[in-house]
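Presented sequentially are two complexes of chain A, the first with chain B as partner and the second with chain C.
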Partner chain A sequence: MISLAGRDIMHAWGKFVFTGVGLGLLIGVTLSMAGIYRGMVDDAKVLLDNSGADLWVVQKDTLGPYAESSSIYDDTWRSIRGMPGVERVANITYLTMQVRQGERDVRAMVTGVTPGEAGTPGWPPYLVAGRQITRGHYEAVADIASGFKLGDRIQIRRNHYTVVGLTRRMVSSNGDPMVFIPLKDAQESQFLKDNDAILQQRRRTAENPNFNRPQVPGLLEAVIASQSTNPYVNAVLVQIKSGHNADEVAQSIRRWKRLTVYTRGQMEAILVGKLIATSARQIGMFLVILSIVSSAIVAFIIYTLTLGKIREIAVLKLIGTKNRTIAGLIMQQAIALGLIGFVVGKISATLLMAPFFPKYVLLEPLDSVFGFIAVVVICVLSSIIAIRVALKVDPAEAIGG
Partner chain B sequence: MIKRFPIQGRTLALVLVLVPLLALFIYVALRSGPLAPVPVTVTSVEDRAISPALFGIGTIEARYTYRIGPTFAGRIKRLDVHVGDTVKAGQVLGEMDPVDLDERIQGQEAALKRAKALLNEALARQAYAQTQSRRYEQLLEVRAISEETVATKKHELQVAEAGLNAAREELARIQADREALIAQRRNLKLVAPVDGLITARDADPGTTIVAGQAVVELIDPESLWVNVRFDQIHAHGLAAKLPATIVLRSQTVELRTGRVLRVEPLADTVTEETLAKVIFDQLPEPLPPVGELAEVTVALPALPAAPTIPNAAILRRNGGLGVWQIKNGDLRFIPVILGAADLEGNVQVREGLQAGDQVVLYSAKALSARNRIDIVDRIPGVKP
Partner chain C sequence: MAGKGIHIEGLKKRYGSGDTAVDALKNVNMQVAPGEVVGLIGPSGSGKSTLLKALGAVIEPTAGRMILGGEVIYDNGWMVKDLRALRRDKIGFVFQAPYLIPFLNVTDNVALLPMLAGIPNAEARSRAVELFKALDVEHRAKAMPSQLSGGEQQRVAIARGLVNHPPVILADEPTAPLDSVRALAVIRILNDMARKLETAIIVVTHDEKIIPTFKRIYHIRDGVTYEEAGEGREFE
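And then the complex of A and B:
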């Protein structure tokens, strides 16, 4: 038996393929949109993965350190280290700021990591070039998305750092590249005002008669020294011993240290549910609108294609073709169109859109499978309207009209 | 045949469009996303000697700082030196206002003269009393006078001698008082205790200063050292006499050599740092300002050759440190025990690897044992 649909496509295959390609670009945008959403969620997850922590100990009653600011004393880790079930602890600071290099500056999340050996919580878990930080000061490991190269001298506040290593996919939940520097430098960079502000602060203190008393030499110096220290970090990362339950260890820290502790699951809920919730909903909304628009366009295209050959269908009916054959013709064409569209969409999303999009686009195979099923279902559904029109056509139109 | 040709041409064209499209689709599906092999770079474990080093930052400080001020409250009368002046030991730097001290010394001098006069008077009395006493004794021998008169004269002599002693001691007292005032007057001068450099002038003439407050500060410029802080986690092996290189913040291109003078017995408990003093082999010329930041690298003795890997290869998995080893094209996570490390990122491996083993150095994403890998020279996206 000859395939009516195939014959018809061959009749004007150029038009058909071009329609499919056009549809494909639309599907590509939809797939990319889903990829952008997945990328946002992934940004939040890699942030947690890269920290290597099982628990996050933060200031009491805050959602820190990512979703809210949190500061705890930098010697809190000592008491947490002694809690049962705790294997390893490390101080960490996070601050999103501009990192300068020569003329340009890059928005980056500057992360202060506790000195130690590779594998310390908070350290980049893998590199793509260079080495990990070995000196306790003035070295940096930067994400490749920042555009820095090995050996670059970058400036954070007043200090210069040498880029010694590069990472990949180490980003904040906003997608800003991370720059890892030693903890003490990071504490200073969080706190340190510019020199002029420091000078003004000193002047203000010196003018205060309570602090600058002639009878007490040295008091002013002591006050100024106490003003220029920053004994805070944003969080303590905790790795727990194998065999211990994260929730139980978290509960005992909460109870005895009176600090807020988040487990991996809670942290993910905070990041995905609170931090990126609004932007994720935006993307989700776009995704829904795009899907509706795409289905409408698919339906419209198939409807127009069918109307274009209404006369031929009338002829078919006139020569006594079965309704099932006519419906099959339309549906096969719709599905073929959908297939071409999906293939073109997947290719364009992977090769043309994702690499050039400013944010990370994660195209998951499962999403593609769902996308494929959705495309086929939409094509089948939209062909139904066209089939109704085709079946209702009067065979007389083949000769009349 | 001729009639069927156009249809074949169309089919051919359609195939020409659809087949590459399908091939591209399969390529895209397999080469991106989780199914794609992860690009990695590989390095082999090498037997090599490493020279560990410690890195710390510190500030230039003077070993000896002299804060010079008066020993009691007063007003500054004059101050002859300014910041930056070099002074010699014993040089007068300034003077406190003596207020009434000069007048009191004059008073003491008058009192001294008076005491001398009183001493002379007492001497005269004593000499007269002695003469009288001797004369009356002779008269008694010839029985010209009564014994009572002689006794009276002897008593007069004793009184005169006591008066003489009192006058002598009074003179000594007044002399001592005068010398005390002169010493106080001398003490008002601010004198440099050693050869040095004036680093601070905290008050100007006319200012009232409390006892013990510094007016000028001088340092011994020969005694500059660097007060270095090492994070305790990286301070293993720090000891006196180790060679060090010093980079001043103002002269980052110029390396200076020095050595560790001593490691402080007291560490900083708050900042978790160990403190050490590093001295220059040769003092920089011109002298760096006190308080300038310096980066200090202390070289530790070189270690014998052992299997060494770059620290970028090390990662933590399930609580243990290890590396991804490649054996027959398969990935295996090998736990390692690490030894010493140097500042260039080379780490010696005590257990777990032998020289010649192939380990993953860099990877484009976090690896797991199920990943397919693609060994490349450079991770895509890394610029040379």
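And then the complex of A and C:
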């Protein structure tokens, strides 16, 4: 027996290729969407991995520092360092802001890290060029996605920094590249006011009779000094000594310091479950819409092709072709269309879409397998309407009136 | 005499029921011996197509008896179960238009029928090519139907009707699109094949060019058949 579906496809290959390419682009978008979600999850994991932390100590009852704002005193780390099971601790600040470089503005997550040796929690774990920050001020290490080069002068708020090192795969959960600067600078930049604001604040403080008491010399100056420093950080990163259980250490910090502590697993759950959950739902919605559009296209084209073959189908039935063979002819064509679409989609997602998308797109092989199965299932289901039409064709139609 | 060939007795067909019922066939009686080609002639609406459909096992008659190729296929309300296999094995069809499958080449259009009956591809194709020799379209065996002239297409369609060596061939206006030379050639082929393959052939026609070639003609009027001797003229 010959493959009727195959012959028909060869005969009408133009239609199949054009529809297949159109369908393929849709499938490519679908695969890329899934890849964007995977990329976001992966970015989140990399963010956590690269921070080098086992525990995140944050402001009580907040989901900080990534999902909510959190601030704790910048000396909290001292008391945590002394707790059993704690290897290393480091303050960290995160602030997403515009970083200027020449005429250009780059949105980046500015991260303030504690000066120290490499391996300090919060430091970028590896560099692709240059060196880590060694001075306490005005040096920066940037993710290459920011587009900065070694030696570039960049501006964060009112201060200028020199890019001394470049790292990679260090992005926030929004996909913004990270720029590391010394902690003190970062603390300052979070609260940095312009000169007018500073003057205004001084004046208001001086006008407040509670602070400006001539009988207590030095009070006003002390109050103003405390207002212009920022003794807060967003979180304390904790590394655990090997052999200690992260949950137990977290529990004791919670109990003794009255702070909220997250383990790696909990932090990942917050990032994936809370921070990117909305994006995930949007992407899910798009996937549903794209699947519906794809099935509508397959159903429509297969239905039209079948309507164009009604007489041939009547003749095939008259000469004794089984209904199963005719249904198979239509279903195989639908699947063939899906296969062309999938191949085009996979290629376009890999070569045309993912590399140029402004966000990290992670095309997981397993997603492709699911995508492939979904395409085949959709094609089979979409061919049902056409098959029903074909099975209703009366062989008497071939004989005519 | 229920031998091979076609044997129809008192065949009736009513479409619909009640007030709107139409008695398309009222009393049809026909005998066609193996190797014989008979004409079936009748005015529009007389029941020709209905009769072909009943013989072609695509509609069920209302009463009477039909024997095709020695097998009773209908007997007063009883009908063979597997009509699909019956059509495939016992009946060859030739239509007014060739109705070839556009996506199969000429050989496979014909070879498809033996393939459907389970015959291996190579053998099915050699059977088709065999017929093409007899029908003088061998040189077009690899072409697609759309590349053939009308007459060539019709000969391929005839080959398709013959390829399974059915005991019965039903031809509906097979010469309508052809000029008189080609029309007569088709009738000659049908006569040759009928003799060679012991096939009983019914040709429905209005075609004045070929009517004189039949030895026997059935007229059908208002669903009733009348037999008549034809001229049986040689067609050289």
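Simple rule for what comes next: the second predicted complex is superposed on the first by the 377 of 401 C-alpha atoms of A that agree within 3 Å, B and C clash if a C-alpha of one lies under 4 Å from a C-alpha of the other, contacts with A are read in each partner's own complex, and residues count from 1 in each chain.
Here, a residue touches a chain if its C-beta (ideal position, glycine included) is under 8 Å from a C-beta of that chain, and two chains touch if they have at least 3 such contacts.
Note that the structure is a prediction, hence the values are computed from the model and not measured.
A.B. asks: Put chain B and chain C onto chain A via the superposition and say whether they clash or fit.
C.D. replies: Chain B/chain C on chain A - fit side by side.
A.B. asks: Looking at chain A, does chain B or chain C touch a larger number of its residues?
C.D. replies: B
A.B. asks: In the superposed arrangement, which partner chain does A:Y126 touch: chain B (first), chain C (second), both, or neither?
C.D. replies: Touch status of A:Y126: first partner only.
A.B. asks: Name the contact category of A:M10: first (chain B only), second (chain C only), both, or neither.
C.D. replies: both
A.B. asks: Could you say whether A:G328 touches chain B, chain C, both of them, or neither, answering first, second, both or neither?
C.D. replies: neither
A.B. asks: Look at A:L318 in the shared chain and tell me whether it touches chain B only, chain C only, both, or neither; answer first, second, both or neither.
C.D. replies: Second partner only, chain C.
A.B. asks: First (chain B), second (chain C), both or neither: which does A:D394 touch?
C.D. replies: Only chain C is touched by A:D394; chain B is not.
A.B. asks: Contacts for A:G22 in the overlay, against chain B (first) and chain C (second): which applies, first, second, both or neither?
C.D. replies: Neither partner.
A.B. asks: Between chain B and chain C, whom does A:S242 touch in the aligned arrangement: first, second, both, or neither?
C.D. replies: The answer is first: A:S242 touches chain B but not chain C.
A.B. asks: What does the superposition give for the shortest Cα distance from chain B to chain C, in Å?
C.D. replies: 5
A.B. asks: By the touch definition above, which chain A residues appear in both interfaces, chain B in one complex and chain C in the other?
C.D. replies: In chain A, residues 10 are touched by chain B and also by chain C.
A.B. asks: Give the list of chain B residues in touch with chain A in this complex.
C.D. replies: 7, 10-11, 13-14, 17-18, 21-22, 24-25, 28-29, 32-35, 55-57, 208, 210, 212-214, 230-231, 233-234, 270-271, 295, 310-312, 314-316, 318-319, 321, 338, 341-345, 347, 362-367, 378-379, 381-383
A.B. asks: Name, in rising order, each residue of chain A that touches chain C in their complex.
C.D. replies: For this pair, the touching residues of chain A are 1-2, 4, 7-8, 10-12, 311-312, 315-322, 325, 394-396, 398-401.
A.B. asks: If we count contacts the way the header does, which residues on chain A are in touch with chain B in the complex?
C.D. replies: Per the stated touch rule, the residues are 9-10, 13, 17, 49, 52, 75, 87, 115-119, 125-132, 134-138, 144, 149, 164-166, 168-169, 184, 214-215, 217, 231, 239, 241-242, 340, 343-344, 346-347, 350-351, 363-365, 368.
A.B. asks: Name, in rising order, each residue of chain C that touches chain A in their complex.
C.D. replies: Checking each residue of chain C against chain A gives 49, 52-53, 56, 58-59, 84-85, 87-89, 93, 95-96, 99, 101-104, 108, 112-113, 115-117, 121, 144, 160, 172.
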